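Have a look at this one.
A, B, C, D and E are the chain letters, set down in written order, and residue numbers restart from 1 in every chain.
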Amino acid sequence: MLNTNGVPDKKQIFSRFPDKKYILKPKAITECYEEIPCNPCSTSCPFDAIYIGEDINTAPIVDFEKCTGCGICVYNCPGLAIFIVQELDNENARFKIPYELIPLPIKGETWSGVNRAGEVITKVLIEKVSLTEKQDKTALIQVLVPIEFINDFITIRSKL
Amino acid sequence: MKKIDLVIIGGGPAGLSAAKMAAESGLSSLIIERNFKIGGQLVKQTHMFFGSEKQYAKTRGIDIAKILVNDVLKYSDMIEIMTGTTVVGLYKDKVVTLLKDEKYIKVKTKAIIIATGASEKVLAFEKNDLPGIYGAGAVQTLMNVHGVLPGHNVVMVGSGNIGLIVSYQLIQAGVNVLCVLEASSEIGGYKVHASKLKRLGVDIKTSHSIKKAIGKDYLERIIIGKLDDKWEFIEGSEEELIVDALCISVGLSPLSNLLSMIGTEMKYVSYLGGLVPLIDENYETSIENVFVAGDVCGVEEASSAIVEGYLTGLVVAKKLGYIHPNYDKLYLDFKAQLHNLRSGPFGEKLRRGLEEIMR
Amino acid sequence: MKANIVIVGAGISGVSIAYNLAKKGVKDIVVFDDNYLSGGATGRCGAGIRQQWGTKNNCILAKKSVEFFEIAQEELQYPRDIEFKQEGYLVIATTKEEDLQFVKNVKLQNSLGIPAVVLTPKEAAKIVPHLNLDIVTSATFCPTDGHLNPFTVTDAYYLAAKRLGVKFFYQEKVLNIIVKDNKIIKVITENYEVITNKVVNAAGGYSKEIGDMVGIDIPVYSENHEILVTEPIEKIQGPMVISFSLNIYCQQVPHGSFIMGRSDPNMPQGYNVDASWHFLDEMAKTAVNLLPPIGDLRVIRQWGGLYNLSPDRQPIISDVKELPGFYLACGFSGHGFMFAPMTGLLLSEIILGEKTTVDTTDLHIDRFKNSDFKDYEKSVV
Amino acid sequence: MNKKDVIICRCEDVTLEELHNLMKEGYTSFEEIKRILRVGMGSCQGNTCGQLIQRELANFTNTPINKVVTHKVRPLFAGVKLKSIVKALDDES
Amino acid sequence: MRIKEHPILTFEEKKKLSFFFDGKEAYGYEGDTIASALHAMGVKVLSHSIELNRPRGLYCAIGNCSSCNMIVDGKPNVRTCVTMLVENMKVKTQVNKGDIYEKD
């Protein structure tokens, strides 16, 4: 349970995933379940796709019509609670996740894929690593994840 | 004796913003900071901050410190900064005594903004004084200021935001965090921080605490245990862990000693973290021209400390006859920002606490 | 509630009076204090024990009190340490006048059996090597003077009195004392009304206020005297070093810290007990001048406390002719702590109508009715 | 729990056992305990122990923690050498 | 135990400072406190408590808790967590309340 071990339950997770029709394109998933005073995801979105409003304690709402999955909100989220997901085909999903550890993965490497409980669940392929000045030390890692883990995968751990 | 109109005690987010706003209003000040550099706790915060743009949200603490420091340095003709300097005495005739290295200095002032922040609470358990057991703040200083690791295998006690954040920082520095212990049945800090740790494989053990530290000269092992609903250890739940560092992060209390010293009316308010001064809507205490800003009047985030600093700087300047050209507009804006930061469910306890100390 | 005797004030004087009365079999003694155990002047004092005085009365009170302190640990059956150390008082003279006065004082002290001696500066330096001899003209030394822990010795009396049945009420302010037909009938506190016809005023800095409640004008006033304490270090000084002309007393207590104080000639009368930066300045200057090496010690704490000063700087231990049943233990002028054993004993004797151990005529409040009272104690910091 | 091994006051080395024993004797305020155990009188001036003792007192006396009075704060906040104070005076004149 | 690489922070190469710890030569870097330099060397026990002689080390790092008091250049009770390291400093473990007269 989120409150006792930091792992959101299935219901919470699904509540943030959009309809399947949207996810065929990259979309931002905001895993921010509490009303905390924070709004950079909203203010940083160039497409005005994340709504928070005047009261910055409001939980973010993503407008999946507007969201392009660009990933800017991912490295702008102070809680590292946003990732981009896309159902690529019948076999793979593509994720863009924030990463603030060293060493950074390198394109082409295979890493362990980890779920929200911190367990290794699969192998994932590193497709792209970006870390520009603008990202301010939060790297954006693009990974290819087996489709069955689309609702479970959250981050990567150690090169295989 | 040195004379200056405004003395600001504490060069953290609250103190720096206060100095900036006083200077913008035309009032000179002296900032006294006991650390070797100004910026307060921000100088060791490597994580991005929450809040809104006005409080530099999504910027890392270390970089917010730089912004605030630069703001103050722009007014170098009006803001004097003394670092490595501790206020040792505060007297009713508004004489502030300082210690810088071995030098004792007396300053006579008209107004004082106390922005001393908060200090860490300590915990009582067996061998709680063994070397290798640290306050979370000390660990951050060692790691993020001096670049020195506290150990290789660490357990964190406390799952408030600081406990969670410092655990994450330990991992970033390459330290193995075995687990986070939380005496309460629920995680104390923001869940996004908790989730971040959990996915890195760190267990957050709620209803658990440290029972005993073991080691001859320094920490070698710890015994942890599960707590029942009365916070007593459940027999047989003990578990031994091999660690070389234990980090204690069981909450902050306002560092309000100087306010007690000068005889300010105070009240113990649990919602605010401990003993805090009674204040009016402008953060003035029961002693005229003695103001407070930041955690010293209730433990919160750096974002609200910044705004409280701006507000008190603005108000003190006016009281001493220096009125900011945009006074009314700024005053309302700062009030609105504070209201906004505190209006959510996490701000509820704070709101109730602040109500209790309104004069 | 009914009481045989109500004692106002549970400082060292109050607890000693209670103990002495209870020991003599008096039942139903009630003690009120508006603070905690030793929260007033007792807990704020320098806690030195000195027999080197300039008046006969003070010498006798002090000597007899020391005799009690020497056996107090056993007599009071105290489980903790009262930390009585007898390593003497070194009284420093810095002027010709003091040299002469001190010779007279020692003569008086010796005549009363107090083993004080006059020393040359060199001899003084053998006892306290870090003295600045440039400013010392002579000294006197009494090896049986010393120091006690003011908290534990008060606690010791308190526990002993409690064992003998005395009832103590702390944080309980006496609001009024009702007198009817020139007789005390009742003491009113915040939470109690006590029927009694005997009240002992041992209220320290507030004794004048207690007198006012029953219409007795006690010629005393209160004044803030400040003290500082340093961090503890390994032992370097045995005796208390004191100088009246330099206005300082300075002692390393067994725990290791130095306690020192001085008086401020410009201090207004009143009940203020604030600490001041001004005191710190003057104290540091005086102390480092007289004892240069202690300049390296860090001051960690300063505070103020009330002296209750009498016109001749000697205590008032007496009954009150104008109001039978009202007794005084006040006006100690900064030395109530060290006289406490005698204060308790003498007052118990006065209250019970016994012959007093020493003549108390000169301690009676009536001595001030005479405008030119006999002695004035000059050996006061 | 071995209370002898739980340090309440670092400056004066006061253990939880000493604290509990004193509370059992009837000393149930910070001020009284300070006078006997020296807690709050060391160089940190109660900064470390104050809050721990407050909690122990609240538990022992069954009092809400906000009603438990803790240590008084007096100058100085940190130790100052006597000679530093003298030096400042010399510099002034 | 100094951090060499860090995802967020960069630790610049700083001037090396040599000092003496309990008579032996040691070194730290400019910007170090005495306590952080000793810590980087793996020294955890900085003092022994005054009554019970318990080992103590860095705890608060803000000069509050007195656990890191050491003898520095002959002077006792120096709070090493808030005292900057200086070239050639003589740092010694303190085992008593401190002696006012310098003993080498």
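Definition applied: a contact is a pair of C-beta atoms (placed from the backbone, for glycine too) under 8 Å apart; a residue touches a chain by one contact, two chains touch by 3 or more.
What you are looking at is a predicted structure, and each value in this text was computed from that prediction instead of being measured.
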{"item": "Fewest hops from chain B to chain E - one hop per pair of touching chains", "value": "1"}
{"item": "Farthest chain relative to chain B (centres taken as mean CA coordinates)", "value": "C"}
{"item": "Pair joined by the larger number of C-beta contacts - C-E, A-E", "value": "C-E"}
{"item": "Distance-maximising chain from chain D - centres being C-alpha averages", "value": "A"}
{"item": "By mean Cα position, the chain sitting nearest the middle", "value": "D"}
{"item": "Between chain A and chain D, centroid-to-centroid distance (C-alpha), Å", "value": "49"}
{"item": "Distance from chain D to chain C - Cα centre to Cα centre, in angstrom", "value": "26"}
{"item": "Inter-centroid spacing, chain B versus chain A (mean Cα positions, whole Å)", "value": "31"}
{"item": "Chain D residues counted as touching two or more neighbouring chains", "value": "7, 10, 42-43, 45, 47-48, 74-76, 78-81, 85, 88"}
{"item": "Sequence positions of chain C contacting 2 or more other chains", "value": "231, 275, 277, 280, 294, 296-298"}
{"item": "In chain A, residues with contacts to at least two other chains", "value": "100-102, 137"}
{"item": "Chain-to-chain touches, reported pairwise for every pair that qualifies", "value": "A-B, A-E, B-C, B-D, B-E, C-D, C-E, D-E"}
{"item": "Chain B residues within the chain C interface of the complex", "value": "89, 91-92, 95, 97, 106, 263"}
{"item": "Chain A partner contacts - residues on chain B that touch it in the complex", "value": "47-53, 57-60, 63, 171-172, 174, 185-187, 190-204, 206, 301, 303, 340-347"}
{"item": "Of chain E, residues touching chain D in the complex", "value": "49-52, 54, 56, 59-60, 63-67, 77"}
{"item": "Chain D - residues contacting chain E, complex", "value": "7, 10-13, 15, 42-44, 47-48, 78-79"}
{"item": "Residues on chain C engaged by chain B in the complex (per definition of touch)", "value": "274-277, 280"}
